[in-house]
Structures are given as C-alpha cells and as structure tokens.
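Right after this note come the structures.
In what follows, chain A forms one complex with chain B and a second complex with chain C.
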Partner chain A sequence: MKPRSLNLAPYALILPSFALAFFIISYPFLDILLTSSHQVSRFGILLRFNGVENFAKAFADPLFTASLVRTLWWTLFVVSGTILISFPVALILNQEFRGRGVARAIIMLPWAVSLTMSAVVWRWAFNAEYGMVNATLQKLGIISHPIAWLASGELAFPIEIFVGILVSIPFSATVFLGGLSALPGDIYEAAQLEGASVFQQFFHLTLPLMRPFINIAIVLNVIYVFNSFPIIWVLTEGGPADSTQILVTYLYKLAFRLGRIGEAAAVSLVMLLILFVFTFVYLRIQGKEAKA
Partner chain B sequence: MKNGKRSLMIWLVLSPLLLVILFPFAVMFLTAVKPRSEVFSYPPRWLPTSFRWENFVDMWHAANFGSALWNSLVISIGATVLVLIVSVPAAYAIARFTFAFKQPFSQFLLATQMLSPILLVLGLFHLVVFCGLIDSKYALILIYAAFNIAFAVWMLRSYFGSIPVELEEAALIDGCSRLAAIIRIFVPLALPAMVVTAIFTFINSWNEFVVALTLLRSQDNFTLPLRVFSLVGGRYTVEWEQVMAATLLATLPVAILFSWLQRYLMGGLTMGAIK
Partner chain C sequence: MVIAGTLIARGETVRVTIPYYSAATEPYFQKMAAEFKQKNPDIDIKIEIVNWDNLLQKLTTDIAANANADISIIGTRWLVDFQKTEVVEPLDQYMDQAFQGRFIESLFNYAKVGGKVYGLPIAASARALYYNKDLFTKAGLSNGPKTWSDVEEAAKKIKDAGFYGFGLQGKEIETDTYWYYALWSFGGEIVQDCKATFNSDAGVKALSEYKKLIDEGLTQPGVTSYSREDVQNLFKQGRVGTVITAPFLINQLKSDAPDLQYGITAIPSDSGNLSMVVTDTIVMFKNSKVKKAAWKFLDYLFTPEPRITFTKGEGFLPTTKSEGEDTYFTQNERLQVFVKLLSTGKFLPLVSGYDAMSDAVSRALQGVYLGKAQPVEALKQAAQEADAAICK
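So, the complex of A and B:
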C-alpha cells in the first residue's frame, strides 16, 4: 500500500475559479442579508439593525402583493406555454425531412438575440400608430382600427407573456432534442412488433422516457423566467401605472428609482427563498414519483 | 415522392411558429432601410419605396455606435478570456482527480446558477461602489466572468471526461512531463470544447442588460444593449429607423455565429445532463 499523501494539485486548479465566483457572488449575498435587516439611508449606509421591519414594510405594500401575484402568473404562463410549444416542435425537428437544418436554425434564432434587442423590436412592432402588428392585422381584416397595445396592462401583459414564450422556445427545444436523440431506437421496434399504435408509443414510451428532460426544462425555465427582467423593462418599464410590474422590475424600481433600499434587499431575499423552495420541492416530488 | 409530401406537411405545421419568429427580423430590416418619412407615415406599409442605406451611417454617428461596439467587444472578450483562464483548470481537476472538495465545489457552482445577477443586483452595486469601480469596464468583466463560471465548468467537464486519460498516461510513460503531456496531448483534443465555451460566454456577456444598466453611468461606457435601450427608453421622439438599424447591426453577427454553433452546444448540454 502506498502511503496516502494529500494531493494539492486539484485544489490549486479549482482555486482561481472558486475565489472569483465566491467573492463576486457571496459578497452581494451577504450585503443583501445585512441590508435587509437594517434601516438604510438613501445612499445605502446601514443605520441600525431593525430585524424584520423591512420585510414587514415590503409585505404591507399593495404593489408588492400585486407584483408577486403577477410574477406567479407570468412564470406559470410563460413556462407552460414554452413547454407546450417546444415539446411538439422538438418531436417534429427530430423527424427526417427536407430542409430540417434550415427549420432548426430559424427556430433557434431568438436565442442568439439579446432579450433587450428583441424587446426593443417588439416595442416598435406593437407601436399603436406606425407598428407593423397593427398594419398586418388590419390588412388581414382581423382588426378594423389600430389598437394601442402597450397603453394598458390588460393588453401589454399578455403581449409580454407572448414575447417571453417566443424567446424561451429555443432553449427548451434544444433540451428536448437532446433527450429525443438519446432515446433507444430498439424499444420502438419492439413496440411496433407488439402492435402498439403511434399514440400508445408516445404515451407509454416517449413521454415517460423524456420525463427527466421535461423536468430539467421546467426547473431551468422557471428560474430563468422568474428572474427575467429585460422584456418587461424595455416594453413597459412595469407600467403603465405599475400594471405590468413583476417582482424583478419592482425590486429594481425600489432600489434604483425610489431609494427604498432596505425593502429592495428584503424583496431580493424573498425571491431567492421562493426559487429555492420551488426547486427543492419540485425535485423532491419528481424524485419520489420516479421511485414509486 | 412520399418523402416530399411529408416534408411539405411538416413545413406547413411549423409555418405559423416560423412566421412569428421571423416577423421581428422582417420589421427590423425593413424599418432600418426605410426613409424616415415612410417610417412615420400613416397608415404604415411593410415595404419601403426606396432603400435608404444612409440610415446606418446616420445611426452610427447619432448613436455613437462605434464606441458602444468597442465597449461591448472589450467587455465580452475580457470576460471570456477570464472565464477560460479560471474554468479550464477547474474543469480539468473535476474530470481527472478525485478529491474531498469535489462534491461541495460542484454544488457551490450549481447554487451560483440559481443566484442570478438580477436578484443580487443591489449587492453587486454595493460591491462595485466598495471597490471604487462604478462606471468601469473592469467591474463588468469580473461580474460577467463570475456568473459564467458555473456553466463553463459544467460544459468543459463533460467534454474533458470524454477524452481518454490513457492518452496522457501513454505520453507520461514515453517520458513526457505531466505538464508537457497536458499541453501536447490534452489541450489540442480539448480545444473544440474550449472554443464552444468561449463563444457561449461571449454571447452571454454581449447580450447582458441589467448589470450594465445598473453599473454603467456615462454614455461613453455604454454597451450595445444599453445604447439601444437608451435610444428608446424615456424618450418622446424615437428615431425608429435608426434604432432598428442599430439592433440589426448589433444582432446579426452574433445570430449568425450562434446558428452555426447551436449544434455543438446541444451535444454539450445533453452530455452534462446525463452525467
């Protein structure tokens, strides 16, 4: 037996990445922990420890509750819309057909464009007077007069959800395509020999086998969409009259527009907690189902 | 001819989605080349009567596009180089060694993926003020690098794991030093993975918005997304033909790069998922 010596090489190799990520990510995290539990001046100077006062203040703000509820709808609609569209799209792109490379490249295109740029273009497209959405819909006879799409929350928010779905499709479709390409082909041959219909194959083979990939797509999409800032900020900045505010835009407004820094830190922590609980509970439930 | 019919059916099924995806690109291009009078004519029309390419020149000067392009390049390249410098050794360590800290380190990286910049933006702002780096490109380089490490290590590790360790061992037996074995054998094989990771980090940094919005103050330091946003946000009159020219110029090179890259990306993502 060789004497076990502590090999320092791997530690030296991971040190730079660990140091950088740890410093840049844990300093802000600790800062938010401290800020959320202190009374803070407008300039970010901690005055005195005040326990959960910032949280109480944030919770008492009706705008917080409204933004929280809207964030849940935003996440639910964007993620479910994305999954429901991406899955069939991935199934189609997994088939052999002419021009598949072109179709795939087009569907992946929104991924390459920054959310900010996409949102700027859509803001122009939905322009009430000169926008191409109104021009096209009027030409097709779907609407008779131009609509001010972004002037009220009732229309602007669904539009933001639509844009959110559109930009999230490429990532989810990629995850599903990866999963589909890893499915073993021979079980389908066996199923066909046994006389299973296409639908039976889908529900009894494809869907259960794709379960882990669907789970990854759901968890990652929920994290991304819950944290997504540029679409709403560029299209409406949370307005008009806070009618499209979600937690991230509300948090930004609190911190950098209204100077309510303590409350902003509290909202950050609440959001982190929500994400953490969601991920933990979801993976737990899925893990149990997989075992059962 | 059965295959042709089937392909046509598939294209028909996909067409609504493809049209909606291509719609903003059409809007972008056609607005960017329209004369100003036609951009703001009512009722709006899709096609310009004449192509006005000078819009791009006007925009370049009016929006100070050159400096924004330069800033975006410096920051994105800086962040990419930094990410590679720290992530390649880390991924190598995880792929090739067993050590006590391996599991916690992987979990730490996973956790950093959940802490997105927007949730920490207030703390990041305080950190940068504390370091005296407000309105500095260095701050953005460091922050973009830090938030891309997790993905880079994950991606690199899954590729590195697929490079047989026997190749390096053979080189050691032949009298190579460990370092020489790594440089001569491992690095050339790992190069494609590094290129993919680099391009991905570059695109992430190139497209980032909220951190730049918070930390950059002077117009001269604005990155492209911020520059374009500042042409639109909080203004009464927006020169949309210039804005679209700017988004087109800022978007096209990255979009082309990406559509070429995405097939490689898919391989890496799923390899990581299975392990």
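So, the complex of A and C:
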C-alpha cells in the first residue's frame, strides 16, 4: 500500500504544469492541423474539410520548393557561420585580460536589441544612397560608386546571412562561455606537465569536453534560424521577385498577403516536421557517437 | 437579471479599428469619440489604432476569432474579398439621398459592389508627378514634363547635370501601381471583364519604356531596392528630377526640405489629366451587435466639421463636396492640382484576389527591371497567374 501512494505523488505534482504546457502547445497545433486540412476563407473561417489538398497545392507551387531549398542554405550558412565565429569569441572572452567585462558586454549587446530593430538598422546601413556601408567603403576608396546592396537576391541574400550570423553570435557565445567556465582546470595542468601543446589541448581536451554545449548550440540555432522571420522580411520582404524568400516569409506572404491561409498552415506543419526530424536524427547520431 | 440586461443594453459600445495614418490619427479619432459621446451619452466609442502594415493581418485574425470591431477602415481594394466572404454589412438601408449627396460621386460609387454600397470613402488620395524645378532649370527646361518623351528628354539632361532623372520605385507596396501609371498613359487597362489585360501591347510598351529608362541610366541605380519612401527621400534630398506620388509629400517637403523648389503636374499622358485615385473605405461588420449606434457614429464622421479636420490633419484629398469647397483646398495651388485630378483619375480595379495579382505583377516587373526577364514573357506569365487568382 505505502509504496504505491508514494509513486503517485510526483505525477500529481507535475500534473498542473504538464496540463498547462500540453494546452499551450497542443491548442495552436490542433488549430493548425484543422486549418491545414480545410478549405479556408480569406479571413480564416473554415469552410469544408479537404484532406491533403492544401499540402498538394503548396508542394505544387515552384516557389515552395525554391523557398525550401533556400531555407536549407540559409540555415546551414547562418548556423555554421555563427558556431565557427562564436566558439573562438568565447575562447577569447574566457581568457583573463583587461577590459574583459567591457568586451563581453559589447559582444552581448546585439542580444538586448530586438531582432526587428537590428534588422531595420541594417536596412538603413545597406541603403544605396545614404547607407553607412556605402559611405564607409567609398571613403576608404574600396568602391567608387555606391552599390545597391539589396536590389538583387544575389547580393541581398548573402547580406541577410551575414546579418543573421551577427545577431546569432551573442546567444551561442553565451552557451559556449558557460561551457568553458565549467571545464575543470586540473586536466589542463596535467596536460601541460605531460607536454601537450596548446593545439593538442584544444583538440583533445576542450573540443571533446565542449561537445554537449556545441550540440545544444547547433540544435537551438537551427530551430531559431530556420524559423527566423524579421531579418529577411525587414530587409527585402523575400524579394525582389521572391529571390530571397525562405519558408517562413513565404508562409507569411501566403497567409497575410495572398489570403491562402490553408496552404500557409500546411507549409507551417511541413516546417515543424522538418525541424522535428532534424532534431531527432541529430541528437540520435550525436548520442550514439558520444557513447562509442 | 432583467435589470442588469437593460442596463447593459442602454450603454452601448462601438468598437472602431483605425489604421495609423500619422501622429494626428489617434488624437483626431479620440476627439471625435469624445464629441460624439457628448451628443450621444449612451454610446461609447472605443478606438483601436493599428499599424497599416498589420491591418489586414489583424482584421483576418479578429474575424476568424469572431472578435472583430464593429466598424473598421480598410483599403478599398480589399472590399470585394470582404463582401464575398459576407463579413461586411450593406449600408443602403441606413442612408437616404441627402446622405449620399454629401459625397463626391465617383469616390462614393467606387465602393459599390454589385450595385450595393458596402463602405464609405473616408480617405482619398491621388497620384501626380512632382518635378524638381531647380534641376529642371539646371537642365535648361522651364516646364514640367507632359509626356513620356518629355520625361526621357528631361532625365537625360538632368543626368548630364549629375543627378538622377526619373525616380522609379521597384520594391514593396505599390511597385505594381508605379507601373500602372505608364500602362494607363499608353492606353492600357489592368483588368477588363475579370480578365487580366495588362499584358496588352500598351503594357509591353509601358514596361519597355521603364526598362529603357533604367538601361540608359535615367533612373536611380538599383531600382529594385527602392521602396516608395526611398524614392521620396531621393526627391527630398534634391537628387532626383521627377517622382510620381501622393499629395502627402507636400506636407513632408514643407517640414523636411522647405527650400526645395518643385512643381506638380499630372502623370505623363496624351490627355494631360491622368492620375490614379486611391480611397480607403470605412465598413461595418455583419456580426456587429450595435449596428444602429455604429451607423450614428459613421453619420457623424461624415458631417462637414469632422471631415475637413480629418482631411487637413492627414493631408488627404476631399471625399465629400463640402471639404472640396473649403479654402484649405481652393487657395492652395498645389493641392488644387490634385483635387482637379480626382474627377479624371483612374481607379484600381475592384476584384477579389487583387493582392495575388498585385504580387504577380510586382514580381514580373522586378524580373524585368533586374534584366532577368523580357517584358513580353514576364507580363504573359503574370497575366496567367492573375487570371488564376482574380474574380474567384
């Protein structure tokens, strides 16, 4: 009798928060599930069940495929760029040096500004006529004429990736800094005594020990970046001629510009599925490697 | 229970969704709400201000959740979509001949769908060509351009003087309308009998004209990175010779570039009186429970005093006759150009799926501006997309 009643207590205790979380997550999910499987009026009123018609329509749209491919590039470049830059940044910020507090604050600052506001600032900076970027490059004599940075997708998309990396660095650097400060100091002392070089210490000690932090930074960044809306929307609205459209801007345009809400819901479900599969597969592989 | 019920019914609340036009918008509508309340103590007016960019999104989600306001301002181009999904109330039953007589006829009739009135024109604007007089003098020209060859000629001379000739918009909202100006002046139409006709010979000519201006360096470089505001900023800075835009630029120039010498003339065309007239419409929703009170407020908004205050404050054009007769319009030479164009200007077609067509056209234009597509094919493709989207 006694053990059984004890076993129920933890479940009862987490039940309220579980119920709340379940409701918060499941309500929009069910709503999207319903929307995506119905013909929907321009104002989101469900008209009739139409099975997978919305999905079929979305998949048949060449813009969907183009946006999907571009989203993968966007995520790949922004996340890898972010990780490759934030790791050394975190290593440097982990050293003892004068002004470290200031340096840390400067790296973290972009985090304090809303993503939309930083995107607006970058839109100004890359303005062809009065933007800071053109002014600086012209003063330095690097370019002779102002460049219309955001006029074509070929230039605008790399710029958006660049801005994406910049705004993602603070979060990743924070994760890495947390990891680095938790590393035990004695193993480095031992390694030094054994004559390990700085590079050997990095590749054989720091990197393996930091692996869980790198993994979590990659997974969280992929989720954030894959779904990131403000940078591309503010800079180019996915244009010109849809040449910088990623899935999330495409679905916003579908829903709120073109009034195709059912299809937009279908696209968002597909996005959820992609992220779910990615996270699942990635963590599985990493978990296995760590055990091996 | 019964007493409580009647008490609630006596104090009615009318919710009004208003887009943010300028800093003057909210104070104006709050003032109207207060004045209205004085005359109708049992009706409360609740004003909700929304950013223009989010207006359609807000209305969409509000209507879907059955939580929409009782009346709202909308872009008139959305009206057919609202009417088709039966979310807006026909207003004919509320108004008499005298009420209709308050309005400028063409503007009032524009918001009719299938012969019924679904909204009242609350804001009007038109488009005309602004030209920088200093740059024109520098280029040895004394008058504003009348035709596209005038524009071209002026742009060449202005370019030689070291400035940009023709300001061309190629990004974001109104990218398509900026090209409809030329389409109309070459005799084309956007839509006829629910079929896209902008890919006619006139359309190809109009697009080729813009492309030629770009290729010859007569516009600012990188047109696809210029939104409406960006092009207007070029004009304010005195760096571009001509730009086509709305009357609100007059007020902006007064505060941002008070020394700029400029003139205003019709959009280039043979007729010499081409313009585009745009209205915003105020509608009542079908699911409103306080329709009578809501109508009372609408009626009040369209009396002479509130009207002229609104139009002056926002820099719009008159939608009622009494405003047009106010000295504010009759004694302002620049505004007079716009007021006159109201009666000859073209309207955008009211069709369902307008936004999808607008998107298809904008993409086609951007492709041509960037040199990635040819006018004939790009317009043909856009017309196919438009036909699949409009009047459905």
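Rule of thumb we're sticking to: the second predicted complex is superposed on the first by the 267 of 292 C-alpha atoms of A that agree within 3 Å, B and C clash if a C-alpha of one lies under 4 Å from a C-alpha of the other, contacts with A are read in each partner's own complex, and residues count from 1 in each chain.
Keep in mind that, in the parts below, a residue touches a chain if its C-beta (ideal position, glycine included) is under 8 Å from a C-beta of that chain, and two chains touch if they have at least 3 such contacts.
It should be emphasised that the depicted structure is a prediction, and the values quoted were computed from it without experimental measurement.
In the superposed model on chain A, is it clash or fit for chain B and chain C?
When both complexes are placed onto chain A, chain B and chain C end up clashing with one another.
Using the superposition on chain A described above, determine whether A:I24 touches chain B (first), chain C (second), both, or neither.
first
Tell me the contact category for A:G239 with respect to chain B and chain C: first, second, both or neither.
A:G239 contacts chain C only, not chain B.
Once chain A of both complexes is superposed, is A:A151 in touch with chain B (first), chain C (second), both, or neither?
A:A151 contacts chain C only, not chain B.
Classify the contacts of A:S41 with the two partner chains as first (chain B alone), second (chain C alone), both, or neither.
second
For A:L72, decide between first (touching chain B), second (touching chain C), both and neither.
Neither: A:L72 stays clear of chain B and chain C.
Who does A:F256 touch here: chain B (first), chain C (second), both, or neither?
Touch status of A:F256: both partners.
Which partner does A:L137 reach: the first (chain B), the second (chain C), both, or neither?
Once the two structures are laid over each other on A, A:L137 reaches no partner at all.
Based on the superposed arrangement, let me know which partner A:E129 touches: chain B (first), chain C (second), both, or neither?
Both: A:E129 reaches chain B and chain C.
Looking only at chain A, is it chain B or chain C that touches more of its residues?
B
State whether A:L209 touches chain B only (first), chain C only (second), both chains, or neither.
neither
Do chain B and chain C land on any of the same chain A residues, and which?
In chain A, positions 44, 127, 129-130, 237, 255-256, 261 sit in both the chain B and chain C interfaces.
Can you list the residues on chain C that touch chain A in the complex?
Within the complex, chain C touches chain A at residues 56-57, 59-61, 63-64, 81-82, 85, 87, 170-172, 220-226, 230, 233-234, 237, 239, 353, 355-356, 359, 362-364, 366-367, 369-370, 372, 389.
Sort out for me which residues of chain A touch chain B in the complex.
The touching residues are 7, 9-14, 16-18, 20-25, 27-32, 35, 44, 85, 89, 92, 95, 97-99, 103-118, 120-125, 127, 129-132, 134-136, 138, 166, 169-170, 174-175, 177-179, 181-182, 212-213, 216, 223, 227, 229-230, 233-234, 237, 248, 251-252, 255-256, 261, 264-265, 268, 271-272, 275-276, 279.
Which chain B residues qualify as touching chain A in the complex?
3-4, 6-7, 10-11, 13-14, 17-18, 20-28, 30-31, 39-46, 82, 85-87, 89-90, 92-94, 96-97, 99, 101-102, 105, 108-109, 112-116, 118-127, 129, 142-143, 145-147, 149-150, 153, 203, 206-210, 214, 225-226, 228-229, 232-233, 240, 243-244, 247, 250-251, 254-255, 257-259, 262, 265-267, 269-270, 273-274
Spell out the residues on chain A that touch chain C in their complex, using ranges where they run on.
Going through chain A, the ones touching chain C are 41-45, 127-130, 145-152, 156, 236-237, 239-242, 253, 255-259, 261.
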